[in-house]
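Order of writing sets the labels: A, B, C and D. Residues in every chain begin at 1.
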Amino acid sequence: MRKWLVQPEFAVERDPDKCIQCQVCVRQCANDVHTYDPQEECVLSDSRTCVACHRCATLCPTGAISIRRSLLDFRPNANWTDGRIRDLYKQAESGGVLLSGMGNDQPFPVYWDRMLLNASQVTNPSIDPLREPMELLTHLGRKPDSVRVTPLDGSGRLATRLDPQLELKVPIMFSAMSYGSISYHASISLARAAKEVGTYGNTGEGGLHKDIRPYGENMIVQVASGRFGVDVDYLNAAAAVEIKIGQGAKPGIGGHLPGEKVDAAISATRMIPQGTDALSPAPHHDIYSIEDLRQLIYAIKEATRYAKPVSVKIAAVHNVAAIASGIVRAGADIVAIDGYRGGTGAAPTMIRNHVGIPIEFALAAVDSRLRAEGIRNQASIVVAGGFRCSADVVKAIALGADAVYIGTAALVAMGCHLCQKCYTGKCNWGIATQDPYLTKRLNPEVATRRLVNLLRGWAHEIKEMMGGMGINAIESLRGNREHLRGVGLTDRELRILDIKAAGE
Amino acid sequence: MKRIVAKEEFCLGCRLCEIHCLVQHSQSKQIIKVFRSERGTIVPGCHVEQSGLVSFAIQCRHCDEAPCIEACMTGAMHRDPDTGAVLCDQDKCVGCWMCIMVCPVGAILRGSAKQVASKCDLCLGRDTPACVANCPNEALRYEECDT
Amino acid sequence: MKSATPKAPYAIIGNSVAAVGGVTGIREVDSDTPITLVAREPHHTYSRPLISYLLGGKVDEGRMPYRPSDFYDKNHVRPLLGVEVLRVDTDARRLEMSNGTSLAFDKLLIAVGGRPIVPPDMTGTDAQGVFTFTTWDDARNIKAYVEKNAVREAVVVGGGLIGLKSVEALVELGIRATVVELADRILSITFDRTASDLATKSLRKAGVEVRCNNTVSEIKRQDGRVTGVVLRDGTEVPCSLVILAVGVVPDTRIVQGSAIQTDRGILVDDHLRTSVAGIYAAGDVAQAADLLDGSKCPIPIFPNAYRQGLVAGHNMAGEEKTYEGGLAMNAVDICGLPTISVGITTPTGDEYEVLSLLDEKAPAYKKIVLKHDRIVGAIFIGPIDRAGIVTGLIKQRVNVSGFKDVLLTEDFGLISLPTEYRKHVVSGTGIAI
Amino acid sequence: MSSKRVPDQKDISGCAIAGILCESGRRITGEMIIRAITPMRDRSNGLGGGFAAYGIYPQYADQYALHILYDHPRGKQEAEELLSRRCIVHADETVPTRPVEAIRSGPILHRYFVSIKPQELKANYDMTEDDILVRLVMGINADIDGAFVFSSGKNMGVFKGVGYPEDIGRFFRLDEYEAYLWTAHGRFPTNTTGWWGGAHPFGLLDWSVVHNGEISSYGINRRYLANFGYHCTLQTDTEVVTYLFDLLVRKHGLSFEAACMAMAPPFWNQIDRMSPERRDVARAIRAVYGGALLNGPFSVLVGHSRGMVGFNDRIKLRPMVAARKDDMFFIASEEGAIREVCPHPDSVQHAEGGVPIVGKLRNGRGWGPESAV
């Protein structure tokens, strides 16, 4: 019996009529799928290591390369699917935990696709965003129930002191992606794009690279269980601080950046010795309860002289509403909720695919809960986890979110092809790797431009959709579930989402 | 004048610049045909140098004081009055290789078909030279360089 | 005889590369003050090195012009072609010319070039069928003679550049040629022995006979026409054509007896100024400093001539420009074998270091001569494509101790150079020559 | 099932509105306002008309005048039991009407002049008398089948029903009332059953709101009000506007200018150009009161015992004109309505988007900023 039972997942096909033997593919594949044979004077392809990242196909000047699912089918079996059988082989070989990159790829329902948006007809004019103002400006942070203006006349001055607020020109921020899980070029591109668009990036738990410090006013710094790169300067260099409790892709477990990726720059940024594994514990070992969280929140507020909003990020889990309520009462200014479709550099496949709940329900539950308790003003809600397009964003805001985090979408804008092999460090697109040969494939100028374009494009679309609803300010969309209708949802689901069914 | 500038820190070494330079200067302008039937009749005016992690594409710098023009004995090598580009008139060139001898970047090659010098002509007639337009990582840029 | 003496703000004697360089140099600074150009030859400025290609039929007369036909008009040049300057009167600051007139000048550039050597001890050089080979007319006359007398064999005296280019031409014409070289090998000035041997091989492959350590002592004739030559060693070589290509010397005749100092050529400083104010010299007639050792010696090669003319022109027009010094270099294709030689190729003395790589079969030969970690000379035969980079290193006097080992490698290129120098070279901005 | 035919989805309607204020406090009969609303007939469709009148019950000036409509006697009985439990009823009577051809089968219409019992006040020491009355009104409207309180202010009253406003006016014999402030509404509902309670003005305490338009932010406004205990039961924008005024002005103590700024705020680029002080105010109000922003096309006319304020959505998608003549101050959807009753006004002003137009009683205490007029 052969030692290796796992057959190739993909078949690389090269059209001999188109291939010009230019070897661009050979020079691009970090998985050594393509090689040039000088004797035969032709390029050969070995499908076994192909991860379907499309780097070769994308750069092939003649479009000679196509990549398909392996044509080697197992006997159809609804229970023992190809994927499951392959995983069993892999584990039988390795005896290890199955790893995956990016977010949950299982066919769970996507509730965004079961909600539809409203538009004005006759009784209420739609607004043309090209001719009329259309406002997306969003403020994240704790707000009082009311403001006092004294004296009560036109020359009134503000008598209420507002807590610090993040000002977003578009209600979209970049999710936490650490320098280490992604390359230096990817990190700096995200920071630059955030600054150019007027929104925020997030360091994840990778620390704040010295080159990114100048972008501090457009960055949110994370305090995670590993406390990497955290010191008082780090906290004060940013616009806001986020305590990371959990991550949608792997609720309840920690992180692990292998030592070989911890080069000089990363070790300096994370403040750990070069070459050592960067381990983030599953819990914060100083937070075993909500009151511990409160202490950390206020420790951070003290350290930043109450000048920066403090966000708490949790994974969307079963009783997320109660947890969120507790977090708000513990003093968080922003609650970030990460759904189970959120991406990651590496997660145990079983966790990624089977833990957590859809962000749509988590958001609806949290917003309703905070309103029911009359504390919705006290914190902003930011949601993350698999936002694919501007319509998803509009639906999330209508459900009650103040803003969304995008991670995967941003990576895709930079070139990611979702091959889910981030954890191998062999990202052919120069994003999830520290290999200098690969990282230079991502030109920050290009990446920044693409990210900015993405946000601009989404902003235009959001304005169009708002205009269609006859709304010209984002705050009138936020939590306005009247503009959502459900299709193909059960009564129960409709009730949790608190939206009407289409036709109602 | 506008010149091609190489950003070596972003060069992938994919050599698409060479390939598209060939196509641009071919008869058919059809890439597959070029590599089938015209290969060997053209040499690219742009070539990639690579050593370990470092790589970059180099083509004629179109120097202000172009040694190749001074050294050219036939007057084939000349400066285009409109664009300032240094061009080689292949009908005048007799292949004495003086230009190759004096080009400090080694950007002039012996044309493989005719025994005449072959070099970058900035793809005159195109807004952007083919190598620049087809660099997947914008490691080649076509921009004003004051000298 | 006294005729009205027109006054020329700028006068140039000569009409070849140095003169054209001069015109260009002046015009880069002063766009309209008229220039008067006096030249013995009646032709529009033409490319002298092309005469061998013309003779060989590789190019036709139409391709001879070195610059477009509107070159003089465009540059406000008044050409006096077919007029020979007899002498330069440095006191009166005027030129006395063969047409009896004279031309007063303000600034003068002497670019009359060199004059072919006719060995004095050789008898019979006045026979029909004996030619020197430096001008368009030489090429025409030889061609006419070859056709008229159906020449089948020829002897070329001198295994230097001119000699070999004329041999190449003769081969093109299907003539069996014999090269007679006084030294022990051809191209002895620019090549080392290995290179000379490769060149010789290439010539023999083309059916050329090469005789070194030898020379022609007598040219035999019959009713005035050449019938053959007798060599120093007594052997007789029948032929009906003899080309004398033993070299050129700076043609300083017109300044003899003037205040202008001469040595082998007209002595010039790093601004191409002669010893007389306002008078400049450039090209094969001039004797300027050598880039490598600073010694003054004539380097009769094309790029230097142009450069000198250009620099002289700038200075004549009042914009100071310094001549970096000449560097001996030659690129020549010997019957299909491309060769390049730069600077000192056969060093003597132990302060020199030599790197070389030879592939007899290819053939491919690379040789780098270093002095104190700086390249001072090189030879490339066969693969010559990146030779210019080495020339650049010589001119820039770059210290190569860091990358000596890769100088000879096949993939030697810019990438082998120190980042700083490389960035300077590819930065896209102008490069100092 | 409730006989209150409250539409199960949001009420969408176009409308005609008008208001007349005698700033001197001089009282005039309802004829003028009826004449003013009549020419805007094509802005209504006969499914609703109504009026609010201020200063009509001087003899009961200190008691809440509750106008309640009943679908059947059982509702009346239950409501009156509840009233007598919580309130001292100083007087009550059937609302006088006259038969009008166009008005058929009206509900039982009764009015009560009440004050909250002292022990109630004691029992709810943390609530004002107004708060208690609001809770009572909401209780009746929400829980008592067949009873609906449509007017609950002091020395004022709301008169409304199904029909064209001029018919409703004659039906309620408004020519026999004298008030210093009259507002009127003619309704053009697109999706609601003709139900008397659904007509406008909408009243709560002294507030009366007539409104023309559709508020596309309704969904969030409603959820926002819910945070503060307001439960919108009628699915109408007008109800939302009324509660917002009550919340912002009465509860949060904002000036009218500030309240209008919250509901129809300036654009951010306008705010950027403001003086630092105003910028701070505007920024804070927008950031904090996002849920109160009224989006979509509307013109609103709010009546109150001390005057009236009209304002438009911030991009002015619905019409509103104001004019004055001597001590008379007019606001209407169309200038024609004003000219009908006042052919030669001293000044005419078209409302700007988001900028309130305020008219107030000269003797009455100001509501705060009237910078707009």
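Some notes on this structure:
Just so it is clear, a residue touches a chain if its C-beta (ideal position, glycine included) is under 8 Å from a C-beta of that chain, and two chains touch if they have at least 3 such contacts.
As the structure is a prediction and not an experimental result, all values here were calculated from the model.
Listed by label, the chains that touch chain A and also chain C are B. With A-D and A-B as the two chain pairs, more C-beta contacts join A-D. Once CA atoms are averaged chain by chain and compared with the all-protein CA average, the nearest chain turns out to be A. Between chain A and chain D the centroid-to-centroid distance comes to 47 Å (mean Cα coordinates, whole Å). With each centre defined as the average position of its C-alpha atoms, the distance from chain A to chain B rounds to 44 Å. Put simply, the C-alpha centre of chain C and that of chain D have 105 angstrom between them.
Put simply, the C-alpha centre of chain B and that of chain D have 79 angstrom between them.
Within chain A, contacts with two or more other chains are made by no residue at all. Taken pair by pair, the chains that touch are A-B, A-D, B-C. Chain A makes touch with chain B in their complex at residues 17-18, 20-24, 27-28, 58-59, 61-62, 436-437, 440-443, 445-446. Residue ranges of chain B in contact with chain C, taken from their complex: 3-6, 49-51, 54-56, 58, 61, 63-65, 67, 70-71, 73-75, 91-92, 94-106, 108-110, 115, 145-147.
Interface residues of chain C, counted against chain B in their complex, comprise 17, 21, 47-50, 53, 58-59, 63, 65-67, 302-303, 306-307, 310, 329-333, 338, 340, 342, 384-389, 391-392, 395-396, 411, 413-416, 425-433. Only residues 7, 9-16, 19-20, 31-32, 34-36, 53, 134, 136-139 of chain B touch chain A when the two sit together in their complex. Residues 120, 123-125, 127, 132-133, 135, 137, 139, 143-149, 152-158, 160, 162, 165, 371, 374, 376-377, 469-473, 475-483, 500, 504 of chain A touch chain D in their complex.
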